[in-house]
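The structures considered in this document are given below.
First subunit A sits with subunit B, and in the next complex the same chain sits with subunit C.
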Partner chain A sequence: MASRKYDIKSFPGFLPITALCLVILYAPLLVVTVYSLNDSNSITNWEGVSFRWYVDVFTGPESDKFKIAAWNSFTIAIVAATVSTTIATLAATAMIRGGRFRLRTVSFGLISLPLMVPEIVTAVATLIFFNSIGFTRGYLTILVAHIAFCIPFAYMPISARMQGIEDSYEQAAMDLYASKRQAFTKILLPLMLPGIISGFILAFIISLDDFIITNFVKGAGVETLPTAIFGSVKQGIKPNIMAISTMLLAVSIVMVTISYFVSKSDNTK
Partner chain B sequence: MAAGAASGGSAQSDTYAEARTWLLLPAWAVLGIFILAPVLMMLVYSFLTKEFRGGVIWEFSFAAYDQFFCNRGLFGDEPCAIEWTFINIFWRSIWQAGAATLLSLVIGFPTAYFIATRPEKVRPIWVFLITIPYWVNLLIRTVSMKFMLRDQGPLNDFLISTGLIDSPIHIVNTNFAVQLGLFYSYLPFMVLPIYASVERYNFSLSEAAADLYASKWVTLRRVLLPAVKPGVIAGCILVFVPSLGSFLAPDLLGGAKNFMIGSLIEEQFKGNAGNWPFGAAASMILLTMVLIILLIFARQQAKAEKGAG
Partner chain C sequence: MPEKSNAIDVVDAVKRYGDFTALQQISLSIFDNEFFTLLGPSGCGKTTLLRMIAGFEDVTEGAIFLFGEEIENLPPNKRPVNTVFQNYALFPHMTITENVAFGLEMRGKSKSEARTRAGEMLELVQLSQFAARKPSQLSGGQQQRVALARALAPQPKVLLLDEPLSALDLKLRQAMRFELKELQRETGITFIFVTHDQEEALTMSDRIAVMSAGEMQQLGEAKEIYERPHNMFVADFIGETNLLEVSVDQITNGRAVCHLGGGHELTCNEVQGVGVGSKVHMSVRPERLFLSDEPTETESLKGTVRDNIFVGTDIQTIVDLSDGPQMIVRTSNSDRGNKRIFDPGAQAYVNMESEAARLLVD
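The block that comes next holds the complex of A and B.
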């Protein structure tokens, strides 16, 4: 062993490639953030730091459009994340604390369906579905579609968390005459909380970020932030889009960071 | 699991077995009605007749699939010759998605390996750093990529300032831009599964190989790679599948000449000019391709697990 002259685990070149990987992942995000602070009417020339495009987003000619889109985006994301997290929590309880049953595999397949079907196919299918039952496209169709495809994203952290909690806590409670309902609400749910919060946050971000499905089912006149941004970008990238993108980017990063620290805090130990 | 059994508890139990139907019902209902039923409805629509204002007439027809695969001449009355237009769009999509997958593998594998060989405590931080960009809005990331790659964009500015090139390289509106965009969209999907399998890999196998005078690279190729193959395949699928049906990267970075499946489908549902049954048929063909890939993958994983166990 000692005679070996090299470290078996390390390969030359892997560190620079990892560094390159991080640069590739972050450079575009950094560049947009920096250029959103550009005090210039064109996106090409750098003319110093200013917050004018952030002011423009809130007070400029397009501010009304962005305000309505932001309201739609955030209310849909909150409702969709709440409903899909609730559904996912109940489903995870049945899947992981419900013993073996015949429909388990089928149920798992159904829950992961939105992850397997390409997003554009889900979008087309949902549009066709709403059209065939004569449902007018608008706010409500976006909300319903978001609830459905957010379920697997909420389910993943919740079921992962539940798999890490032994059932002895609930058994102990029931030995002490707690009912099943009490064991669930007083023991399992509090232990599950970090998983549920992570699930909620992931579902929230997925809903907030969705473009393709929303674009298909939104109907005329209703916009969310991504569809409004897409509409603007089609006419060229403008500085106010950079500002609004940076704000949305910040929301996502803050929420993922919260989710990371919540799921790291392990209250079962 | 073993520790759980010893202390009398386990993570998987049947505590709520009698309530499971009620617990699962909301998930079944929402996913059944708003995902599964729509996909079946789409299958039905692909066999209907198109209406000219967008929408369908409820009359059974093969026209959508016929239009996809058959070229029946200018007046539509000739026998079926193979129509290449749409097959070529699918072929281009496969090629673009494949190129993006290869790029991700070249960058993603060393990155995953590097992270998996860091001290255990710092690994989650590395993984976290790789995942953050995935959670940033895909539209914003694609727009950022376009901004980066523009003729007057930061990348060209940087290359010119270093003296590597004299005039900007045109990247936007080329196939390569689309490949870069797809690569950038799904790179974290390549890193994570490879990371997971390298982390589980038992490095004493590499040590044994080294003790028997295998060189480092031979050990990598003959010992490590076969062991982490399931992770590599999983990563490739997680990049390839979403790339295949992607819409934003080809639309924003590719321009009109670099049409992919996603844009072809989207166009059929835009305004009054679209053809819904044709869009539904194209979606069905894409879905079938994806399901076949996933099925082959699932079988291979099952086989690999059997082999390992």
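The block that comes next holds the complex of A and C.
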């Protein structure tokens, strides 16, 4: 046990600073969630609890727009997460199981660099890229862009996981007459599964949530949830936006929870 | 040259990593149904050689034969040898039965056949009641036995064991030595065992190859290696010994007269490679020495007792030879009645059985 003197909880100002951080982080989310249940046309006056704005999201005047946007968002997120996770898994296998090769450090840098590049730069660059090859902007350009920027996010948990798996498992499999492919599918892949699922969920959330890049590469008339919400907010914030935001928040919480439990179920121990 | 009856023939095998030579021109033959040990300190190349036989390391030069068949270019999954890994490498996402059945299934046995055989193997290592558990739910010793069962299940022609006992505590390790030896006799499979523990090697092996710095220092039966070490490294690495600097004065009828300094003289058997005038080392095992008040008819060296150290089974007496080197004499505690223990400061003669002293090449 750490001595009480060195216990971080007893440092001066620990409690107020913690409280301040938590308030700044979560108060806005709480306000949005609470006011999404407001039975009022105004976003500031509280007039009692009601689900009318949730109903409005699905049946109101803007419901068609949001339904299409939601459909786009979720299909793009699922496809982008699937494709980027597959690519990230293969990349991790090559990088971590490929032995030492020239440019390995460079390759690692190239994969993780997009995490550090300001998103606006990536957005502009992607737009210029699509224009220069004459790609018509629309659903497909969003999808391709999402796949590309999701790869580093999917790669991180997968490679972290793989680094924790000793290669003696695959050697043992090959020693026991498994081919390289069998050692991969029967041993390495199942052991990596928690990392792969985490990578998939992270990519999914990142894709679902993306605004800047999507806004640049989407064609006219194609919207995802974030761009549709932004478009709607530009004409003034209505309570239905809070309802949509709350529902998105719920999706994120579910995903994060799944990710947490998956990463906790460490099957190498 | 490789023989069909030999389990393994290593012919002039060399292993280099870039500029570093891990293994320099090793040639050795391992017989069928033998418990063979590669013994040496860490970094001596013993594990590298084992991994070359298993197929995890390429052979830079030379060849490896398994019952007369050249195997060094085959991938590990095409070699009928199995390995018990140092960390066991049990598949953590599979049950014990699935682990043991894995090799059989990969060899094309049906699932039910593989399960049945896995069950038999688990019975052999007395772990049947753990069949449905995961490796993490087993103790280190149990995991070790699962690793053994898994490697033996496909009936390999040779079983490779890479320091399998090093992770166990002392009591368990000693019990496992015996179990491993039994298992080898029962199955009739050739075992190649890698260890840095000389006691382990001596107690289990039919033959031992002592390795150091990528070279084989000596190959022979346990007793031979212990009693007739070939060089300084082997004498020093295996067991405890008195290493004395000597100069060889004359050799007559196969007996060499050696000077220890301080006027002390010893006669021992001549050794090939050590001629008159050479300054070499001599090894004398402390348990082959005994103390007396008066010189005896055997080789006797006069000295003064410096200290007695109690080490449980024995008492170690440190003796300073007059104007000469220091020697350690081990007296078994059961002998205390008939062999006197000398107090520090007392004069005593260090005596040895004939042939106890052994000249070493370099």
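Here is the rule we go by: the second predicted complex is superposed on the first by the 259 of 269 C-alpha atoms of A that agree within 3 Å, B and C clash if a C-alpha of one lies under 4 Å from a C-alpha of the other, contacts with A are read in each partner's own complex, and residues count from 1 in each chain.
By our rule, contacts are C-beta pairs under 8 Å (C-beta built on N, C-alpha and C of every residue); 3 or more make two chains touch, one makes a residue touch a chain.
Predicted model only: the values in this text are computed from it and were never measured.
**Q** Give the label of whichever partner, subunit B or subunit C, reaches more residues of subunit A.
**A** B
**Q** Answer with first, second, both or neither: which of subunit B and subunit C does A:A173 touch in the superposed model?
**A** second
**Q** Go through the superposed model and pick first if A:Q182 touches only subunit B, second if only subunit C, both, or neither.
**A** In the superposition, A:Q182 touches subunit C alone.
**Q** Once chain A of both complexes is superposed, is A:Y139 in touch with subunit B (first), subunit C (second), both, or neither?
**A** After superposing on A, A:Y139 lies clear of both subunit B and subunit C.
**Q** Per the contact definition in the header, classify A:P190: touching subunit B only (first), subunit C only (second), both, or neither.
**A** Only subunit C; A:P190 stays clear of subunit B.
**Q** Give one of first, second, both or neither to describe whether A:F108 is in contact with subunit B, with subunit C, with both, or with none.
**A** After superposing on A, A:F108 lies clear of both subunit B and subunit C.
**Q** In the overlaid three-chain picture, which partner chain does A:P226 touch, first (subunit B) or second (subunit C), both, or neither?
**A** first
**Q** Would you please give the residues of subunit A that touch subunit B in one complex and also touch subunit C in the other complex?
**A** Residues 166, 168-169, 171, 174, 180, which sit in both footprints.
**Q** Give the list of subunit A residues in touch with subunit C in this complex.
**A** Of all residues in subunit A, those touching subunit C are 166, 168-169, 171-180, 182, 187, 190-191, 267-269.
**Q** Please output the residues of subunit C touching subunit A within their complex, sorted ascending.
**A** For this pair, the touching residues of subunit C are 54-56, 75-77, 81-83, 85, 87, 89-93, 102-103, 106-107, 136, 150-151, 154.
**Q** Help me check something: in the complex, which residues belonging to subunit B touch subunit A?
**A** Per the stated touch rule, the residues are 4, 7-17, 19-21, 23-24, 26-28, 30-32, 34-39, 41-42, 45, 55, 107-108, 110-111, 113-115, 117, 124, 128-133, 135-141, 143-148, 152, 154, 184, 187-188, 191, 203, 206-207, 210-211, 216, 219-220, 241-242, 244-248, 252, 261-262, 265-266, 269, 276, 279-280, 283, 286-287, 290-291, 294.
**Q** Please output the residues of subunit A touching subunit B within their complex, sorted ascending.
**A** The contact residues of subunit A facing subunit B are 1, 4, 6, 8-11, 13-15, 17-18, 20-22, 24-29, 31-32, 35, 43-44, 86-88, 90-91, 93-101, 103, 107, 110-111, 113-114, 116-122, 124-129, 131-132, 144-145, 147-149, 151, 162-171, 174, 180, 183-184, 202, 205, 208-209, 211-212, 216, 226, 229-230, 233, 237, 241-242, 245, 248-249, 252-253, 255-257, 260, 264.
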